[in-house]
Amino acid sequence: MKKIEAIIKPFKLDDLKAALHDLGVQGMTVSEVKGFGRQKGHTEIYRGAEYVVDFIPKAKVEIVIQADLVEKVIETIMTSTRTGKIGDGKIFVLDVETVCRIRTGERGEEAI
Amino acid sequence: MKKFWFLAALLLIPAVAYGAEESVPTIASNAAAVKGVQTNLNYVWTLVAAALVFFMQAGFALVETGLTRAKNAVNIIMKNLMDFSIGSIAYWAVGFGIMFGVNATGWFGTNGFFLSDFKVGGDPWVLAFWMFQVVFAATAATIVSGAMAERTKFTAYLIYSAVISAFVYPVFGCWAWGGLFHGNGWLENLGFIDFAGSTVVHSIGGWAALAGAIVLGPRIGKYGKNGEVKAIPGHNIPLAALGVFILWIGWFGFNPGSTTTGTPDIAMIFVNTNEAGAAGALAAMFTAWLIFKKPDAGMTLNGALAGLVGITAGCANVTPGSALIIGAVAGVLVVLSVLFIDRIHVDDPVGAVSVHGVCGAWGTLAAGLFNIGGATAKIIGVQLLGIGTAFVWSFGAAFILFKLVKATMGLRVSPEEEIGGLDAIEHGNTAYPDFQVHA
Amino acid sequence: MKKFWFLAALLLIPAVAYGAEESVPTIASNAAAVKGVQTNLNYVWTLVAAALVFFMQAGFALVETGLTRAKNAVNIIMKNLMDFSIGSIAYWAVGFGIMFGVNATGWFGTNGFFLSDFKVGGDPWVLAFWMFQVVFAATAATIVSGAMAERTKFTAYLIYSAVISAFVYPVFGCWAWGGLFHGNGWLENLGFIDFAGSTVVHSIGGWAALAGAIVLGPRIGKYGKNGEVKAIPGHNIPLAALGVFILWIGWFGFNPGSTTTGTPDIAMIFVNTNEAGAAGALAAMFTAWLIFKKPDAGMTLNGALAGLVGITAGCANVTPGSALIIGAVAGVLVVLSVLFIDRIHVDDPVGAVSVHGVCGAWGTLAAGLFNIGGATAKIIGVQLLGIGTAFVWSFGAAFILFKLVKATMGLRVSPEEEIGGLDAIEHGNTAYPDFQVHA
Amino acid sequence: MKKFWFLAALLLIPAVAYGAEESVPTIASNAAAVKGVQTNLNYVWTLVAAALVFFMQAGFALVETGLTRAKNAVNIIMKNLMDFSIGSIAYWAVGFGIMFGVNATGWFGTNGFFLSDFKVGGDPWVLAFWMFQVVFAATAATIVSGAMAERTKFTAYLIYSAVISAFVYPVFGCWAWGGLFHGNGWLENLGFIDFAGSTVVHSIGGWAALAGAIVLGPRIGKYGKNGEVKAIPGHNIPLAALGVFILWIGWFGFNPGSTTTGTPDIAMIFVNTNEAGAAGALAAMFTAWLIFKKPDAGMTLNGALAGLVGITAGCANVTPGSALIIGAVAGVLVVLSVLFIDRIHVDDPVGAVSVHGVCGAWGTLAAGLFNIGGATAKIIGVQLLGIGTAFVWSFGAAFILFKLVKATMGLRVSPEEEIGGLDAIEHGNTAYPDFQVHA
Amino acid sequence: MKKIEAIIKPFKLDDLKAALHDLGVQGMTVSEVKGFGRQKGHTEIYRGAEYVVDFIPKAKVEIVIQADLVEKVIETIMTSTRTGKIGDGKIFVLDVETVCRIRTGERGEEAI
Amino acid sequence: MKKIEAIIKPFKLDDLKAALHDLGVQGMTVSEVKGFGRQKGHTEIYRGAEYVVDFIPKAKVEIVIQADLVEKVIETIMTSTRTGKIGDGKIFVLDVETVCRIRTGERGEEAI
C-alpha cells in the first residue's frame, strides 16, 4: 500500500474531497500546514514596522491506498486542485508497510 | 484651572437659583430657579442618553465582526470606527444644517452648518441637541456596513459613509423631525409618528443597506451553481452576542432619550423598549426552532434587535402590552425576512436589511396601529406614506450613489483580495495573528 | 411627530413648574414645582441605574462564557439571553404581582399582574419601579446558568428560567422587599436589612445554582476515578475579565440605584461598593497566591465579584472602612468556598454558588455586624433568620423543580452531546468556526 | 429594610423640599429647596460620570490585551484589575489626602487620609468627589501597564501601582487641582488650565510609562541585530477596537463629569470631546495611510485616543471648531511619535507614551492656544511650565522608582519566562486553552 | 526503525499516551487533523442555511521506534484507543531510514 | 528522493528557514505539533486544580529533496536549530517514491 501526501491550496480542498469520493477513495486525513516555496508571501505592517508573511497556508491531504490506485489518485489530485498558478503544491508518494483499522483490528488492504 | 471652572459652573446654574445666595429670593426668582434646575436635568438626561446611543457603535461593530469571517475582522471594525468619525464631522459641517436648519419648503434646512447656531456665551442647548442627533446619524450610517461586509472596497465605503451622514439621512430626517429644532418637515406636518426613528434611522439605514448589497452582489461562494444558499458562518458568536447586549443598553438611551427632557415619560418608554426586545428574541428563537429544528443563535440575536427596532417608532405612544406584541411580530418577521432575502440572492451577511429595513417599517406601521390615542385611517395612511417615502428616498439615493461609485472608483475588491481576506490586502493587518485561523 | 411628543413632554413636567409660564407662580406652586423636579430626577436616576443593572446581563454572559469551554459558548450565551428575555415576560406577567402586589398575609402578593397597576394617564412611577425590579429578577435567574453550564438541556433550562423569575425569586422578594410598593413582607417587618439584595437576589440565585449543580451531577471528566479534582480550564480569560468589569459598573446601578431616589445618599453607596469590590479582588488574589503559589486569574475575578456581592446588603448602612473589611473577607471566603465545593464534588464551573450564595450570606450577616446604627443581638438574629430562610426556600424550591424536570423531560444532555459540545447538537451552531479549536 | 431606607432617602432630600409636606412652604424654604434639588442633580451627574470613567478601566484592559500577544493576556488583565483595586485602596488611604488635603505650602496636602473628611451624618459631598477622583487616579496608573507589557514581573508591577496611586499622581494632582477641595496648588494658583487632565492624568501616566519602558528595555526580538524595528503584532484587534469604543464612552464621563455639577456647561464639553476623538481617528488613519500606504488599524485606534487625550485639558474652554483642530493635530502627532519612539528603541507595545504623554502635552498647550478667552503669552507660559513640570516630576519619580525596584526585587522576568509567556509562569494560567495558539 | 502513524479519536489521546508510556516508548509527536472516512459528520445550520461538517476532528500520533517494537506498539494503540464504534481510526506503518537527535547529533536507535 | 521530517523548537523555525534557503532548498512544509518526550512540561493551576501540560509545542518541518542532499540538510538542521538543551527535537528520514508538481505535472527531481 502507498501513502499519498498532497500539499494543496486550502480553498481547493472541497473539490479534491469530492473528486476522490467519486473515485471511490474511502478516507483521507487533512491537516492545516504552512508552506514555503516558490510562491512568495505578502508584506504586512504593524504600527509602522513591516514584516513579510512568507509562510503560506496550505492543506496537507494524506491518503493511504492500494498501490495500483496511486496513478489514478495522482491524476485526480492534479485535475481537481490545479489552478495553473504558482503555489498549487506538490504530491509525494511513500510506501506503507502495514495498515490496521483500530475498530476491527483488520490488517492490510481491507483495513483501508 | 479646574477650580475656576468648577466655580464658574456653579455660577452658571440659572443665576437666580444661586442668586439666592446674594440677592433675596422672590416668588418669581424661585419659579425661574425651578425651571432652571429642570433645564439642567434635561441637559444631563439628554447627554447621558447620547452617551448610551454612542455606545451602540461598539455594539454594531461587534455584531458585524462576530457574524462575518476572521479574515475580514479588521476591515469591519475600521469601517465602523470610520462611520462614526466621518459622520461626526460630516454631520457637524453639513448634515445638521440640512436636517434642522431653517426650512421654508419643508424639504431641507438651509442654515446651521458647522454648528453655527452656537455662539460663545449663547444658549448651549443646540450643542446638547446636536450631540444627541449626531449619534443617531452615525447609527443610520453604520447599519449599512454589515450588509456590505466582506467584499466592499474600503475607500469606496468611506465615500458612502460621508454621503449618508451629510446628505441621505439628514434630508429624510428633515422631513420627519426638522421641527424639533429650527426646521419644519412636510411629513411631520402630516402627523407622521416616529418617536425615536424606526423609519428615520433604521429603515433609512436598512434600505440603503439593501441597495448596497444589491449593487455589490453576493460574496464569492455564497450561492452555489444551482442557486442553493451556502452558509458562511460568522467567526465569533460570543462577540456578536456581546454586541447585542451593548445595543440593547444603547437603546435605553436611543428611545427614552428622544424625549430630550428628564420627565416621568421616560418610564413607559424604558418598559416598552425592554419588553419588545425580549419578545423579539423569544419569538425569533421559536420561529427558527420551528423552521430549522434548532434554536439558532444568529437568528435569536437578530430577533432581539428586530424587537428593539420595531418598538422605536411607537415606544412613547403604545402600552407595554402592545410593545410585547410589536416585538414578537418583529421577531417572527426578521427570521422570515432573512430567509426570503437569501432566497432572492441578496447577500446580507448580518441581516441588516431585515432587522433595520423590514422591522423598521413594521414598527412604524405598528406605532399607528397600536397608538394609545387610537388608530384612524388617516394615521395609518400617513404612517404608510412615511414608510414608502423612506424606502423610495433611501433605496433610490443609495442605489444611485453606489452605482456611481462602482462606475468610477469601483465598489468591490478583487476576487483574490476577497478570498485572501480584506484585512491582509486592504489594511496590511491580521486580526488574530497568534491564532491558527482556517484559511 | 417627535416634535409633538417633545412638547407633550415639556407640558408633562409637573404642570406647576411650567405652569409658571402661563399662570402667575405662587409660593405653593413653586413648592409643588420643586417636588416635581425632584420627582423627575428620581425617575432619571432610577432608570439610568436600571440600564446599568441590565448591562450586568452582558457581564454574566461573558464571565460564564469565558470560564467554560469553547464548544459550549453558544449555549451559554443563549441561556443568558433567554434568562433575560423570559424573565422580562414572566416577571411582567406574574413575578411582579407576587412580589409587590397587595399582600395581606406577608407571604405573597395577589394583584398587579401584567403590570395592571399602570393605567394610561396614571402615575407612571410603577413603570420606573418595575423596570428597576425586572433587571434584578433577571440577575437572580442568570446566576444559575453558570453553575449548570456545559451539561444542561436547553429546553429544561428554559423551564427553570421561567419558574425562578415568575415564582421562586418573587416569593422571597415579597417577604423582604414587598413593602417597597403595595406589598408587605413578614421578613422586612422583622427589620431584615438587605438594602440591594445580597440575600434577596444573590443568595437566592446562588442556592438555586447549588441545587441545580447537585441534581445535574458533575461534568464528564471533572473528577477522577480516585475522586481527584481535574481542571477544566475556561476558554477565554480576557472575555471573563471584561465580564467582571461590566458587572462592576453594573453594580454602580445595582446598589446606589436601590435608593430609587436621586439624593446625596448614593455617594456613600458608590464608595462602599467600589471599596468592597477592590478589597475582594485583592484578598482573593493573595489567598490564591498563598494556597497555589500563583496569583490565579480565575480566583481574582471571582474575588472582585465576591466583594461586590458582599457589600450589596449593607452598602447603605456601613462605613467605607467597614466596606473594605466586608469585601476583603468575601474575597478570602470565595476562594476557600470554591475549593470546598469542589472537594465535595459539586461541579460549579464558574463559582456561582461561592460568589453569590456564600458571599451573599456573608454580606447579609455583615450588614448587621457593621451596621452604622450599631449591631444588636436582635438585628443579628433577624439577619441570620433571613439568611437561613433564603437557603431553605431557594435551595428547596429549586431542588424540587430540578428533580421534577429530571424525572419528566430530563435535565441533562447525553454523554455524546456533552463530549461533542452543546453548541453543535443543541443549537447546530459553532461559536468559533474560523479558529482551530482543540477537540 | 429597603423600605426603611427608601423612606429615609425621601426624608433626606433637602428637608425643606419635602418639609413642604408638613410645614407651610415659604419663599426662603422654596429657595433652599431648589438649591437642594440642584445639589442632588450634581450628585447624580458626578457619580454617573464616575461610573463611566470607571468603565475606562475595561477599555484600557482590552486595548492593552488586544495589542499584545496571546501568551501574556492573563498577565495584562491581572495588571489592569490590580491597578484599579490597589489604586482604590491606596488613594483612599493616602493619595486623596496628599492631593486634596489642607495644604499650606501649595506642594502637598496633609489631612483627609482614609477618607477621614467624611463623618457619619455629615455632608456626603466628599464621598461623591472622592469617587470621581479615585477613578481618575486609577486611570493614570493603568496607562503605564501597556508600555511595560509582556516583560514586567507581576510583583514589581504591584509595587509600582501602589506608589503611583498613593504618591506620584496625587502630588502633581495637588499642584494643579488641590484647590478643588481643601487643597491649594502652586500651579493652579498661576492659572494653569487643565480642565479634565491632559497633563494631570494622561501626561503623568504617559511619562511614567516612558520611564518604565526605558528602565525595562525592549521585549526580546523587538529590535534586530542591526537595530531594525521588528513587528510584534497584537493578538486580538477586535478586542482592542472594543476597548477604544469603551474608552470613548468613558471620556463622556471623564471630561464633562469634571464639572462635578449638572449644568448646561456639559453640552459643549460633550461636543468637543466627540469632535476631537473623531478628528484624531481620521487624521491618524490618513497619516498612516500616507506613510505606510495602508490604513492601519492599530494607528487609527491610537489616533482616536490621541484626539480624546488632546481635548481633555481644553474641553471646557475651546470651541467645537478648535476641538476638531486639536484632535486632528493629535492624530497626526501620535503616528509620528509612535514611529519616533520605536526609532529610538524604546519599546512601548501599545503606544501609551505617544497617546498619553505626547498628546497630553499637546492638549495642554492647545488649551492655552485655543482658549476662548484668548491666548496671552502668560497663559502659554504657564501651560508650558505645567507641561514641563509634569514631565520632570513624573518621569523623574517613576525612573527612580523603577531603578530601585530593578536593583532590589528585580523588574523584569527571565528570558525563558518572556519567551514562554508570562501567563504560564507568572500566573500558571492560559488565556485561551481551547484554541490553537502559535508558540 | 519504523514510524507508526495512528489516527485516533482525540479524547483517547491521554489513554494512548499513558499506555505507550507504560510500554516504555520515550516520545511521540501529536498533531490535530481532520478526518474523512466511513464515520459521517453532522449537519449545522447558520442563519437558515444548512451545511454538513463532514471532516471530523482526529488526533494524529507519530511514533518512531525500533522495528522489533512495532507489533507491541500496534497492540497497545489498538487496546488503548478502541471504542468499537465507527471512526476509531487507522494505524499506518512506514519505514524510517535515519533518525538523529538534534541536541546530541546521535544517530539511529539511540537517537530515539 | 527523500523526505526529511524535523521536529524542532518553534522559535528556531526562522533560523532553520534561513539556513535551508541559503543551502538552496526551494521549499518546505511546516505544521504545528505537540511533542512528548524527555523534555518535561510544566504545571498549571485552574481554580485550585493543578494539571500538567506535558505536551510541548513543537514545529514539524517536512522537506523533500534529492537523496544526495540528505546529509547536507541534516547538518544544516542540526547547526541551525540546536540549543543543546533537552527538547531540541529529532530528524527522521523517509524514502519518497514519487514527487509531482501539481501546477505543471512534472515528476521526479525537477518537481521538487
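Each chain carries a letter (A, B, C, D, E and F) given by its place in the written order, and its residues are counted from 1.
We take it that a residue touches a chain if its C-beta (ideal position, glycine included) is under 8 Å from a C-beta of that chain, and two chains touch if they have at least 3 such contacts.
All of these numbers come straight from a predicted model, not from anything done at the bench.
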item	value
Target chain E, source chain D, minimum contact steps	2
Chain pair equivalent in interface to C-E, over half of contacts matched, among D-F, A-D or C-F	D-F
Which of A-F and D-F has more C-beta contact pairs	A-F
Chain B and chain E: spacing of chain centres that average the CA atoms, whole Å	53
Distance from the mean Cα position of chain F to that of chain E, given in whole angstrom	18
Between chain D and chain B, distance of the C-alpha-averaged centres to the nearest whole Å	30
Contacts with 2+ other chains: residues of chain B	27, 30, 34, 37, 41, 44, 48, 233-234, 236, 292, 294, 296, 298, 428-430, 432, 435-436, 438
Interface hub residues of chain E, defined as touching at least two other chains	31-32, 44-46, 58, 94-95
Chain contact graph, described as a line, ring, star, complete graph or other shape	other
Chain D residues within the chain A interface of the complex	229-234, 288, 291-292, 294, 296, 298-299, 335, 338-339, 342, 351
Of chain A, residues touching chain D in the complex	44-51
Touching residues (chain side chain A, partner chain F) in the complex	2, 6-8, 31-38, 54-55, 58, 60, 70, 74, 77-78, 81-95
Of all residues in chain C, those that touch chain E in their complex	419, 424-425, 428-430, 436, 438-439
Complex interface listing, chain C residues touching chain D	27-28, 30-32, 34-35, 37-38, 41, 44-45, 48, 52, 69-71, 176-177, 179-180, 188, 191-196, 233-238, 241-242, 244-246, 248-249, 252-253, 256, 258-268, 270-271, 274-275, 277-279, 281-282, 285, 292-298, 300-301, 304, 316-317, 319-321, 324, 372, 432, 435-438
